[in-house]
Amino acid sequence: MALEHASGDKRFKILEVHMKKHQFRHDALIEILHKAQELFGYLEDDLLLFVSYKLKLPPSRVYGVATFYHFFTLKPKGEHTCVVCMGTACYVKGADKVIGAVQEHLKIKAGETTADNNVSLLTARCIGACGIAPAVVYDGSVTPRQSPESALEHINKWVAK
Amino acid sequence: MILNDLVQIKTKELAARKKVTLRCCMAAGCMSSDAKGVKEQLENAVAQAGLENDVEVRGVGCMKLCCEGPLVQADPQNSLYIKVTPENAPAIIAALHGGTANIPQADPDAAFFKNQLGIVLANSGVIDPERIESYITVGGYEALHEVLREMTPRDVVETMVGSGLRGRGGAGFPTGLKWGTVAKSPGAKKYIICNADEGDPGAFMDRSVLESDPHSVLEGMAIAAYAVGADQGFIYVRAEYPLAISRLQLAIKQAKQLGVLGSGIFESPFNFTVDLRIGAGAFVCGEETALMASVEGKRGTPRPRPPFPAESGLYGCPTLINNVETFANVPPIYRNGAEWFAGIGTEKSKGTKVFALAGNIKNTGLIEVPMGTPLRTIVQEMGGGAPGGAEIKAVQTGGPSGGCIPAQHLDTPVDYESLGKLGSIMGSGGMIVMDDSTNMVDVARFFMEFCMDESCGKCIPCRAGTVQMHNLLEKILKRKATRRDLEKLEELCDMVKNTSLCGLGQTAPNPTMSTLRFFRNEYEALLQPDKYGPGGNGDTNRQPAAEAK
Amino acid sequence: MSFLDLDEFLIDLVDLVDIVYSPVVDMKDYPGSVDVCLIEGAICNEDNLELLHKIRQRTKVLVSFGDCAVTANVPAIRNQLGLGNTESVLQRAYIENAQDNPCLPKADGIVPQLLERVMPVHEVVHVEHFLPGCPPPAAHIKALVSQMLSGVKPNLEGKQIKFG
Amino acid sequence: MAAKTLTIDGKSITAEEGATVLQVAEEAGIKIPTLCHLEGIYDVGACRLCLVEVVGVPKLLPACATKVAEGMEINTDSERLRKYRRMTLELLFAERNHVCAVCVSNGHCELQTMAYSLGMDHVRYEYLFPKWGVDTTQRLFGMDHNRCILCTRCVRVCWHIEGAGTKNVSGRGTKSHIITDLNMPWGESVSCTQCGKCVQACPTGALFHKGSTAGEMERDRGKLEFLVTAREKHQWVVAV
């Protein structure tokens, strides 16, 4: 069943080429999951099954690895992502207040996506941008010295659209 | 590729030098404040002024004063512009001919810069990390040449032992000893791993090194590989560092093209290839056995040691694991000699250490100081103290595995042993300054929550113990805990420290234990009387039993 | 009930102790200056809590008696539903599963409020000794009580401990 | 093979090189508590109950994963070790919902037996009361995550004795749990051979034969050893 996708969706082909580049080696599992997530946005069951079939690994192993690492997500993300860095430097400079404000505003908790699938709110353990704390990553771009106000301003731009 | 080729590249680069260099910081911190736009506009402004032959606009790595970015330095004028915007570009170019640009500047001779000693960061903010030629100009890959042509692997290990370098990843294990063990381990296939899974929240030294001087790490790995007899290396780098990853990929490609990586390096029989492995977000993968599991594409759970990776590591082969900063120290040691390196620092801690200075402090950024520099020099002189006239309360080192050093111990020299005595650790180099508004119990809770979330779940003390300790800390913070709860917390700290499988669990209690040691009064102030405790009769005025004894 | 399994030991016991309070002793209030209290059951509602506090104040030695007291056991399964489970528990018991006349029991001052969370006894007050078991076997009860009567510090080990 | 001499709890012992401290102690009649260890499958050193003191080594070492060495002086029992072992058990009991009174394994449970032998008469830590489910979709067996202690014995027998790789651990930290295939209901698993080895391996009541009620679930560990001996040594030791 997982193979049927390969004929329909081009992205499966691209993924398979990537696996071939790694000679379908078991130790390339994490690299391949990175690629899969890059292509599909998240790792749904069929995709994981496809990977396990192609790499000849038990599905439980693939699932175990995919759920071990923070970076992989098994649920679709919203159109926009807001990642609040919760590293120590950001925390002592008020990242908790930033995330608190965003949570309250969007009425979701960290790790969740708004009901309209517009914004996903995530936290990071430290993005290494401590010099410009507190930092927030809006749709992949790191933004320095955020406050509850500036964060809400940014997010409202997405909501308004 | 032979030495002559290196020399030629260097000569050509030096000959092409222009009168003025504008160095633009292109590290992740400044990039987030549009450093790219600044550089582009500077290039435009140079072109418009017709100064292409006189002025070089060079993208460089971290220029260290991250809080004031984007940074641009003009040489030989020695002007350091801060918080530069793309619109400032024409003014900066205009000011090259005398006069002053109306742009904020920092003093490049201030204590923040003057007290630094660059070994690891010597090239950071100076060379263009995206051009291997730029690295070669400052003597890059000459040490590798020297090692491959003039030294036996045994000599290489001995030099490392003589330098006294200790692992910069946290524990401070002597690097030479580690190299020697891997070199002696029998096995046809051996591996080198560079641990670039910088997971401590509040630490960004390794990121900066990789973004600013990736070739020094590659060269260090190649020298280590020769010393221990490995031909394959991996760099395990966090997915959260996209810029570091792309610069490393570029650096590996350039090094391969030039023949300083690959087969028959410098026309010797030595082969060495390096592959990148991108982490996927798991703090525990900083632990070496977990990291190896992850490199093998598995769940990043640690396993008991022994056997140590030096005997049985990646795919069961002898494996050398060092962190980024350790490898970056390697080329300078072989370029300048073990005695030179051993002459820097203290008796037991040689060389320098890079710290990421952050938190409630005026100058946040990257510093490299000789081992033994007093904490006070770092946070007061270089860091400029807490902003807004607040008092510094504590300095946290070692991240979730470290401790909080209170203000009364600021004169402690920074070296492995002194920090250990205070219940903290050197760690990888995160240094978070906390001012008097910080609640130390909350700090302990913050780190415990971190360890709880990052526990891999394999061993019981760490998996279940961190949850209980976290809940007890929350209970204390909510003013619902009694003295009995505090006793339980301390007992758990001891148990989790002594029984956990890997370093994560073994050090998870450190922030709690160190705040309990130095800020116990803050905990006690939150405790409630134990009305129904041992001997309790419900009387709130009664002294708790522990005190009555 | 398991206490009654003590059989003839009960007769010896009567000579040695005065039973001053129990579900089958006709006493309205818990008396003062009690030497030993064997406490059964988990702490589920406001009444349990109030009585337990009173018992702790008026008793020298508390023994957590049986799995419900020691671990909160089956009554605590409702804790898995999270905080605020009291509503749904009552709903399920008195409305959904009611055979006839479904209604929530309500009488101020008579029907005690459920606590948010069911707790073992020692989570609320200090407890001197523990005797788990569902029920605690008579032999274990005898061992513990004998130790207390003879003045040695009770200490049950290995085969004398039993859960479930 | 070279012999090593060492002492365990003051007793002089000669052991084969490559043997673990646990094996050697067992042969000498010294019982070291274990939970994640199971004869026939490789050790992971995860439960930390078998930690022992080795003179001259600052850290405690897991007996199951530590090889004997010449001159080792090992203590398997001390005030400190007993305290840690008891705390480990308390943490386990508080972590999930171990309600012995209604458990299929009541009376045949290794966790319960361990609690008795280590004198754990109550748990001082607050019970976490997590919400875990029970998977009864499989025709023959059931899995109650409330009783799982994450020893991963089932995962290891499934991988290394049966070879199917049906079971694994998902997630991490306290949220880790045992999965079948892609975290699907056990009954829908494609890879499961329904061999039941995982059920034989489980130390608690987490894995059980369907239809067994409180206290009925007994295990036959001998079957696992029989299989391993048969596969590895080609010796079929059938109990007579």
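Which chain is which? They are A, B, C and D, in the order written, and residues in each are numbered from 1.
Simple rule for what comes next: a residue touches a chain if its C-beta (ideal position, glycine included) is under 8 Å from a C-beta of that chain, and two chains touch if they have at least 3 such contacts.
Computed from a prediction, not measured in an experiment: that's the story for all the values here.
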{"item": "Selected interface, A-B versus C-D, where C-beta contact pairs are more numerous", "value": "A-B"}
{"item": "Whole-Å gap separating chain C and chain D, where each centre is the average of the chain's CA atoms", "value": "33"}
{"item": "Length of the line joining the C-alpha centres of chain A and chain C, rounded to whole Å", "value": "50"}
{"item": "Rounded Å distance, chain A centre to chain B centre (Cα mean)", "value": "25"}
{"item": "Centroid spacing, where centroids are CA-atom means, of chain A and chain D in whole angstrom", "value": "35"}
{"item": "Residue numbers of chain A (touch at least two other chains)", "value": "61, 64, 68"}
{"item": "Where chain D touches two or more other chains at once, by residue number", "value": "124, 126, 169, 171-172"}
{"item": "In chain B, residues with contacts to at least two other chains", "value": "282, 299, 454, 456"}
{"item": "Interchain contacts (touch definition) - all pairs", "value": "A-B, A-D, B-C, B-D, C-D"}
{"item": "Parts of chain B lying in touch with chain A, wherever the complex brings them together", "value": "28-29, 31-33, 66-67, 69, 198-204, 207, 239-241, 277-283, 294-301, 356, 358-360, 364-366, 396, 399, 430, 432, 434, 438, 443, 446-447, 450, 454, 456"}
{"item": "Residues of chain C touching chain B in the complex", "value": "53, 56-57, 124-126"}
{"item": "Contact set on chain B toward chain D in their complex", "value": "282, 299, 303-304, 306, 452-461, 463-468, 471, 488, 491-492, 495, 498-501"}
{"item": "Interface residues, chain A side, partner chain D - complex", "value": "45, 48-49, 52, 57-64, 67-68"}
{"item": "Touch list for chain B against partner chain C, complex", "value": "484, 530, 532-538"}
